[in-house]
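Every chain is named by a letter (A, B, C and D) in the order it is written, and numbering of its residues begins at 1.
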Amino acid sequence: MSEFRMPSLGADMEKGVLVEWNYKEGDRVKKGDIIALVETDKGLIDIEVFEDGIISEIRILPGQEVPVGEVLAVIGDEAGEIKRAGSKKTEPVKKAKKQKKERIRISPRARRLAEKLGVDIKTVQGSGISGTIDGDDVERAAGLKKPETRRTEFAEPGEEQRTDAQNRMRKAIAAAMSLSNREIPHYYLESSIDMTKSLRFLENENRKRSIRERFLPALILIKSVAHALRDVPELNGYWEVDQLLIKQELNIGFSVSLRKGGLINVSIRDADKKKPDEIREDLNDMITRARAGRIRSSDITDSTITLTYLGDMGAEVVYGVIYPPQVALVGFGSIQQRVMAHDGMIAVRPSVRVTLAADHRATDGVSGSRFLESLNEYLQEVEKIWTNGK
Amino acid sequence: MNRKTKRTSGSKKTGNNKMTVRSEREHDLHLFKQMWRIRQFEEKAAELYGKMKIRGFLHLYIGEEAVATGVTEVLTGDDNMVATYREHGYALLRGIPSGSVMAEMYGKKEGCCLGRGGSMHLFDVNARLFGGNAIVGGGLPVAVGLALADKMQGNDRITCCIFGDGAVAEGEFHESMNLASLWELPVLFICENNLYAMGTAIRFTHAVTDLASRAVAYNVQSSFVDGMDVIAVEEAVRKAAGVVRKERVPYFLECRTYRFRAHSMFDSDRYRSKDEIEEWKKRDPVETFREFLLKNKHADKKDINKIEKEVSGEIEEAVSFAESGTWEPIEDLTKYVYSEKGVK
Amino acid sequence: MDERQIKETVFRELRRVAPEADLNQLGPSENIRETLDIDSFDYLNFLIALNNDLGIEIPESDYDQFTTLEDIVLYISSRIN
Amino acid sequence: MKERGKKIQYREAVRQAIIEAMEKDERVFLMGEDVGRYGGAYAVSLGLLEQFGQERIIDTPLCESSFVGAGIGAALGGMRPIVEVMTVNFSLLALDQIMNNAATYLHMSGGQYNVPLVIRMATGGGRQIAAQHSHSLEGMYAHIPGIKVVTPATLQDARGMLWTALEDPDPVLIFEYAGLYNTEGELSEDAGAVDIDKCKVMRSGKDITIIAYGGTLSKAFEAADLLSRDGIDCEVIDLRVLRPLDEDTFLSSVSKTHRALIVDEGWRSGSISAEISARIIEKAFYELDVPVERICSAEVPMPYSKHMEQAALPQVDDIVKSVRRIVNKDE
């Protein structure tokens, strides 16, 4: 018997709104199943269950906002089955009293019609502004009216509408960034790295592969950062209260921009141990889910460092802001042809300007520059780190 | 009581429209009784106010009885009258039964306005009393309109409009005097100048305190009279009303009088000295007239006592009539906001 | 497969990657990635999708022939027909 | 087939009504500033002095309180006066006579005295005559029990309301929207007395009820036409009478459309639109899909400059935008 609690899905998350359950009482679940959908400032997140068992009791109803750590449901082992059968199960205990119950916005006419037609207003989709349900919605739900199409050609074309979720995400990012700016004394280091060898390596690799398994340059950057961090472990950790906790696992938070604005750092777990193909697949799943607005809790938790790569059309250089409680952030500008000195002669080479933003409470410039040096070495001999051999 | 002018014969018509020819002696007793009725009624009203039987505002006429008596003595029953909130005397003398006036002040359904008007808003269709009006100067334009209607319909009645020195400072006094004169309307303007507009003495409210002199600016005939002498008032009103009735033009008569009680029951009367009140009380219109009657043998003790008994009976009856009155049913609250359909 | 069908397929796959973009505003010679703000990750998915639908291989070396709508349609029609 | 009426102006319809009344009842007379020799500030009474003489067409001095009071007295005295106060702006000087005498005599006298008086006033802004001449206070007068308040917006009402008002034993205030005097329209030959206690559904529709009166009625019509092109079907109601309010008509309309928009040139706070909105919420709450909305003048003293005045007044564009937002539920 164990209690399934609202997980913390981000350092700054205090509460979440339970949007829907994917299972009901009495269902069997196993480790890794997506048991529910929760809405946080970061958007909709699927919640996984971490043990096998049977859901013996669901405590929180859809639409309720609960603090992190609140018991959402109780998962019993086989015995749970018997226990449930014995005692008469009443409606899941409504914990609404303390928290603000999410009021359903419904017009007076619709509420009366719903009663008359026996329609459960919780099942009705409101077509009004911010989801308000009106009489027509109820009649449609009761099948009395065919769905109506709305004429919208007079709405100004291309006018961007920021939905509630985007506003909340913007607020969450703003909060994290200002906290970081306020508390973390950043120091910045930069260097330019010749990418000729690594790009050529990538091209050869891709030629041997079908388009579906093709590698993007980002993969090389991720793997090389992972290995460089092995050499400079103090950049991979959390600043807790007043001391640095160096982390054993090495999870790189990779910044993914969303189409209508906003940003999610998906977490590439054990970036140093995983093979490039594994990372590619993980990255592919997570970015697709992020851009479809259905990120999972596991996708975005426990990154130990963050990597930002603006892509081949991005700016030349990026000076990032560290995500607390992490102590470092690696920023890659776009890979472009630039003039470089090579064996005393001027040469035009594809290169990238990489910056390291680091927390001066946790590390000093010397660690930072050692990191950039080893990063450069790995990028010159990518094949070495590609097959995981050190 | 200075008796300069020789008295004309008794009034041909009295307040209640009966052609009565009275000897001077009977006439004077009649005048005394009318004043005494007002005095006793107002004293009783003050007493009943103290006993919480009468509520709200109450403006007593004590001290000014000679004016109402003189005025109503001259008007006919068919003339119109528009008065103010200090109109109990006029209501009584215009023939509204004292019982229904008292019941109105009690707020009873048997009151002349079903208890809706109260002390300040006494109306009576038969007495052609178009109100007590509590807005200072509010009645003047209405009186002008009444006279306009009579002129248009060729009626020979006149409209008597009563107001105080306070109203003379209102814009509507100027507007109404101008209209009445401009359109030559039969309005008798009676100004009861009791020297105080609520709590402000006349010298603080009028640049020109000789109010009668205002009328010349509107080409309206005017005069003033000692408002404490009922015979003088009657004479003056008879002359004024004669002009209005014959020449069909307005006349402005200023009656200089004084009220012995505060402006109303709420008034602490601090704005004038006790001596000044005592000085004026020496010229009490009722008492000075009683002495005049006794001294000139127009009346003897018996006559006076008879009147006093009759009046106290009338007042007792009025009070018991009011006491036994009923309350208007709440259901009638919205009655008479608008006329029921079809009422012409 | 005529040009219209190719264009339709291209639009369908582009819409999956950039749902809110207004494709009929896209000029034939405009750089698709810049106009529709598509990064390398989404663009690769776009190419993979074309590969699935049309069964053609698009090596990295040919990327430069894949910048505008005109190029893409030309490139595909030459490979298929 | 009702024969086609000839084209006349709004002011002409009012003049015809006055002439008809004065010919039918010798108790009727017209009194007001410049109604005789000048022919009326809005030329409504042009020619009436010559036709009826100065006994019955009376120019008054500029003394609103006393000539309105005189009108009350004359009505008490058996006449049927029509008092013209040039505009509602000047009627504030006579508000005491209207509220404390005209509206109150019958009730306060326990039913003894009727005041069969009609007062006509021009009202409304939009002609750059600035703050003191542009008020729209009919809503304020509609607050007073004891009087009736009507707002003729159409030629039929301008022609037909006066006689019914004169026959009414209680005081009736007729507010003529100044902007309408010049408007023209057809009036059938036999146009005559109309009722003064009902609203009128001028355009039936199913999506939303637009309630307007006086100067805002034509704007409501214009907006309804524009909106019909968007496929939005508006029901337009002419209030006609602000007191007593004919609730049944607009309540049953809202029960059909489930949406209500009131267009009122008065200031929003304590306006007639506020009263109508309250009654809809009190009595048709369960018919509402959206909150009742109101478009009123900006709560400012009316500015002189044209662009500012137009910005202050309810406009067709405001109506169209509001209805689109309400009916199509876009943000």
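Quick note on the criterion: a residue touches a chain if its C-beta (ideal position, glycine included) is under 8 Å from a C-beta of that chain, and two chains touch if they have at least 3 such contacts.
Since the model is a prediction, treat every value here as computed from it, not as a measurement.
Participant: What's the minimum number of touch steps needed to get from chain A to chain D?
Facilitator: 1
Participant: Which chain is most central here if centres come from C-alpha coordinates alone?
Facilitator: D
Participant: Could you tell me the distance, in whole angstrom, between the mean C-alpha positions of chain A and chain C?
Facilitator: 28
Participant: So, what's the distance in Å between the C-alpha centres of chain D and chain B?
Facilitator: Distance between chain centres: 41 Å.
Participant: From the C-alpha centre of chain B to that of chain C, how far is it in Å?
Facilitator: A distance of 103 Å separates the two centres.
Participant: Just give me the whole-number Å value for how far the CA centre of chain A lies from that of chain B.
Facilitator: 92
Participant: At least two other chains touched by the same residue of chain B: list those residues.
Facilitator: none
Participant: Where do chains touch, given as pairs?
Facilitator: So the chains that touch one another pair up as A-C, A-D, B-D.
Participant: Spell out the residues on chain C that touch chain A in their complex, using ranges where they run on.
Facilitator: 18-20, 22, 33-34, 37, 39-42, 44-45, 47-48, 51, 57-60
Participant: In their complex, what parts of chain A are in touch with chain C?
Facilitator: 157-158, 203, 206-207, 210-212, 214, 216-218, 257, 259-260, 284, 287-288, 291, 311-313
Participant: Under the definition above, what is the set of chain D residues touching chain A in their complex?
Facilitator: 230-231, 258, 285-290, 324, 328-331
Participant: For the complex, give me every residue of chain B touching chain D.
Facilitator: Residue list for chain B touching chain D: 80, 82, 111-117, 121, 123-125, 130-131, 133-135, 138, 140-150, 152-153, 159, 171-172, 174-176, 178-179, 182-183, 335-339, 343-344.
Participant: Which residues of chain A touch chain D in their complex?
Facilitator: Chain A reaches chain D through residues 107-112, 127-129, 132, 134-136, 150-152, 154-155, 161.
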